[in-house]
Amino acid sequence: MKKFLIFILLLLFVGLSATNIGYAQKPTGEPYVIGGIFPLTGYLSWLGEYKKKGSELKVELINEADGINGRPLKLVIYDDQSSPEQAAKIAQRLISKDKAIAMIGTASVPISGAVASLANKNSIPAIIGSGYEVNPEKDRFVFNTAHKTDFAVARPFQYFKEKGITKLALLMPIGSLGELGSTLARKYAPSYGITIVGEEKFDVKAPDVTAQLAKLKTLKPQALFSFCTGEPAALVARNMAQMNMNIPVLVSHGNANPGFLKLVSNVNVPIIVPAGRAAAPDAIPDSDPCKKVIAAFNKRHIAKFNEPANYYSAEMVDAIAIIAEVLKTTKGATGEKLRDGIENLKNFVGMQGIYNFSPSDHHGTVLNDMMVFEVKEGKLHMLLK
Amino acid sequence: MNIMERLKKAWWILPAVILGIIPLIFKEKSAYVSGILIFAGIYIILAVGLDLLMGYAGQISVGHASFFAIGAYSSAILTVKYGISPLLAMFFGMFLSGLIAWIIGRPVLALKEYYLAMATLAFNEIVITLIIEIEWLTGGASGLKNIPSFSLFGFTMKNNLHYYYFVWFVVFLVVAMTIAIVKSPMGRTLIAIHSDEVAARTFGINSTKYKTGIFVLVNVFASVAGSLYAHYMGFIAPDDFGVSTSVNMLVMLFLGGFGTIYGPAIGALFLKILPELTYFFQDYELLINGVILIIVLVFMPKGMYGIFVAMKRKIGFSRE
Amino acid sequence: MGEYSHLFQFFFSGITTGSIYALIAVSLVIVYRVSQLICFSQGEFFVFGALFMATLISKGVSLPLAFVISLFGSMAMGGFLQWLLIRRIQGSSIGNLIVMTIAIFLALRGLALIIWGRESYVVRPFTESQPITFMGASLQLQVFWIAGITVFVLLLIWFFFEKTMLGLAMRACAENPLGASLMGISVNRAAFFAWAWGAAIGAIAGMTICPLLFTQYTSGVMPMVKGFIAMSIGGLSSIMGSVIAGLMLGLVESYTIGLISSKFSDAIVFTLLILVLLIRPSGLFNSQR
Amino acid sequence: MNMDKNGIILKIENISKRFEGVHALDGVSFSVKKGQIKALIGPNGAGKTTMLNVISGLVPPDKGNIYFKDNDITGQPPNIIASLGMGRTFQLIRLFTINEATVMDNLLIGASLTLKPGILKSIFLSGRVKRQETKLKDKALEILNFVGLSGKEGVLPSALSFGNQRLVELARALMMDPKMLVLDEPASGLNDMEVENFKGLLLSLKDRGITMLIVEHNMKLVMDIADDIVVLDFGKKLAEGSPKEVCANPEVIAAYLGTKDKNGDGVLCSK
């Protein structure tokens, strides 16, 4: 018993003394604290890691370049365990204990919802990166550097229209992403002359989706739309290959990363992935102003982590860059001033696109910032200019 | 009645005083501390209820989060979609939970041990699936946002401190009610059913009625916890009401001390504060939490409350 | 004829998932039979088996060798956990046992996160070839491996429990722990072997199934929950029952998806479980009681 | 039905019960008169415990009827039968032990019919419940005193000797003020002295007007206290009558013992 108590005490001691890991410091002066909310464990944890790496590096780079007007940035990162409740607790902790002036992070719609609720209540800006659609009237303090989910549906539909694909079947994962995909597909299908011939659902943890595919196959679609990310997306493609369904499959914009490309490396089905520029910097033309930003950041990212930044880390890198940019000119970083600063930010070149925020647009990016790629031999090839 | 007995009856004064002054101690960090304690309080309501069901009546549940969800969603839907006042919505949630518990309680509680565990687990999954699929009403997997703050007779709880005192008031109420039940003949009846249901019935105890009754009561508690949760969070999604949440509650029960009422409360408090201390271990957090739990289970069969009692005995406050 | 190929595909889909559920249910039943304990950490043996094998293969170890090494590794892990932890709380209440296995689950999952990180691992199928096509429906070859290995495991279990002294002793423990201990059979030793076996079969499940999945440290939950359902329908302690229930569950799922609704298929399956429990509380295939 | 007039408290009519094809009981009928001690005897597997379980409602009979105090209790749940005034003890001691329940707790659980516990009652009427409980505690002390366990009220049952645990079971059954007690092998596992003590207790309970139906293997005890005996064998009634009549019944001796002792006299009636 005594031993156990000693163990607990030791644990507390280590815990309390090991304070915050994950920021580098060079400039002196009171640091600006930014809170990072990432899913480091739980079912979204593979995403969280990318976001964490990218944002840590970005803060490091800013501090190397003498911070913001001589004051360093400090990034305090916590794990939301892929749970909205935990995310809410963390946001509260960041706001009241760590005195964060802004928050970044989150990876799913529900988690963003929980964080948004606290950001609004406490008037602390949160720049999230998820499919959460920000309604500036209600979410006064929430911004989103991820492209609008609408773009991830509308842009590929544009490609389908060009290719003459009119019959689309939906195979949606059970969950917030699937719901969004289904709603948006129905919203945009008419304007691109697409008919939705059928819809099925599947559990993202299921080992096999051939039953759903077989049912959809009977409807003779020309393309399949499965709005999911990572393993389930790869599973859908693999099962399609198994069943000789050789039609293009459109997956979510989250899939443009090396991890996914590895998963589908030997699957012979055309996979269409919408994504931002950061996902495939080689595929974008040199004239694109974002290319320079991406290349500069990737150089350091590869040096540090042995892999380039990707679509997820880019969202967070842009979020930090935006906060840093606004802080440069804002005197006294209160939540309201920061919010107003971001809302007035125009033509800011990030990795994801050129941001133009306004009081009525908290996303800042436009439809054409979303690219459409096809996966071929483990690489992304641009389909739409 | 001597002084000792009077003091024992007033068990709640010391914790109440401590909890009352906590926000004053932490001053500028009080929003953070009270935020954690609000969640802890909500889980105490759940854990204490579960202890009444499992520790006393002996009915295993691996799906306690299902009624937590029903309460939360009743409150959220009624206030967001139909503009009903939070208090009324909470009462409706309690009524609905009680009704569902009453309907499923009779057949399901006829099951024993692992079969009961599986049935409750399945029920939890069904509730989650329904919440996800009845999207037009529940907001589906993306959740429901903009749930208004709780208000009581025209007073709206704007900040964490308001919620903190309100939630803990409810916690004390629930714990007091539970203690009253446990100390009364009802508590002994539950022990009898837990211990030997057949024998209990030969003393005229209608075990089905009592099991169902307790099931209804603890699920009404869970529903209240759900309502408090929904209004405090301002946002709810199915992610937080799954089987893993139910399993978490079980862990609170056994960590704190099964069948002691105070134990699960301590367990809930501990488990909601522990992550705040192990954040720094990042990737090692999961492993450390698992190991701590294993150590408690192996070395403290009576949970953390067991240590407390043992210490009390040593100092000389013997029981009875 | 092609019109009806989807009906065959539902069947193949059901067989694929069903064989997965069955194999996992068997691993749960083995532990339950001897130590009267439903192991909530069984999914982690699944993950450890699969990921350990994937790592070995990526390091250049041949598949059969990697399979065997991973198998014995998991066996040792299961036995070790029983020796270290379960032994100490044997005889406490069901709730206590459940929570102990949950604690083990958390610790193992944490360990897997540290060892393997967050990414998914892909293992190539045991035999690389095109899926089999029948009446326009296709079936992956790996399913035959799963089925074959399940049969092999069942034979092994049968041989072990019926023909070896240790197996008979373990069976005696399962049927009457007190009597067995009076007869000088150590319940602890039997439980030790049950855990080793249970972990090994869990790992076999993981290793055999992982070519169909993308395995990461969180992958253990789905198979475990479905395994629970299969074993409950089968009657907790019946090995054959859980195999049949597992296959049935897979088929019910795929036909529900195909013919009724993919939206509510989970709700339907879980409702089915509750109904089975209510109508036949000791499972469909339990001959005892 | 007019059992009451004939002084009959329990009437068993043609009861049958099968377990997986085996006849545990096969058309058994007998009745118990008010105030008497009736013994149910027979070799192992004769169906005695099954009979008691059918009477107290733990097992529903396949065929036949049971009347208790003018009520048809066939197939009624045990709690209803108990509420009519039937108490019972078990062959294997079944005391309540969870959550450190004491001897006093066990006795108070026995008084559930008087206390009528309720969820709302325990929350809102705690004062009244307390007063009622205090009264019942006095009664419990009295009963403990009667069975010879005074001073043991705060003890955990597991800390008591086997014989004393049996006494707690009896005391617990007495807490419900039973009109009739059904006792399943109350003397098994007791030493001679304890059996004597138990005999005394049963006889003084009889004096208080409590009817008893006893299944017992200790023939000396049965012969000493039973007014009437029913003999079961393979689920069938073999004989019924006073101890003397039963003793003299050659069929009973043959069935019950299988063999006779040297004197040609069954051990059944050694006295």
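For clarity, chains are labelled A, B, C and D in written order, and residue numbers in each chain start from 1.
As a working rule, contacts are C-beta pairs under 8 Å (C-beta built on N, C-alpha and C of every residue); 3 or more make two chains touch, one makes a residue touch a chain.
Because the structure is a prediction, the values reported are computed rather than measured.
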What is the graph distance from chain C to chain D, where chains are linked when they touch?
-> 2
Centre-to-centre on C-alpha atoms, which chain is most distant from chain A?
-> D
When the C-alpha atoms of chain B and chain C are each averaged to a single point, how far apart are the two points in Å?
-> 32
Distance-wise, how many Å sit between the C-alpha centres of chain A and chain D, to the nearest whole number?
-> 73
Per the centroid of Cα atoms for each chain, what is the distance between chain B and chain D, given in Å?
-> 42
Using mean CA coordinates as chain centres, what's the chain A-chain B distance in Å?
-> 35
Two or more partner chains touched - positions in chain D | none
Mark out which residues of chain C touch at least two other chains, giving numbers and ranges.
-> 113, 263, 266
In chain B, what residues contact two or more other chains?
-> 283, 285-286, 288
Touching pairs of chains, which are they?
-> A-B, A-C, B-C, B-D
Note which residues of chain C are touching chain A in the complex, please.
-> 3, 5-6, 9-10, 12-14, 16-17, 20, 113, 117-120, 122, 131, 133, 137-138, 140, 209, 212-214, 216, 218-219, 221-223, 253-255, 257-258, 262-263, 265-266
Complex contacts: residues of chain C adjacent to chain B | 38, 40, 85, 88-89, 92-96, 98-100, 102-111, 113-114, 225, 228-229, 232, 236, 263-264, 266-267, 270-271, 273-274, 277-278, 281-282
Mind listing the chain D positions that touch chain B in their complex?
-> 56-58, 77-79, 82-83, 87-88, 90, 94-99, 101, 105, 108-110, 112-113, 115, 117-119, 121-123, 126, 129, 133, 154, 172-173, 176
Given the complex with chain C, which residues does chain A contribute to the contact?
-> 41-43, 45-46, 48-49, 174, 200-203, 205-215, 217-218, 230-231, 234-235, 242-244, 259, 262-263
Report the residues of chain B in contact with chain D in the complex, numbered from low to high.
-> 55-56, 58, 177, 180-181, 184-189, 191-192, 194-196, 198-207, 210, 213-214, 217, 259, 320
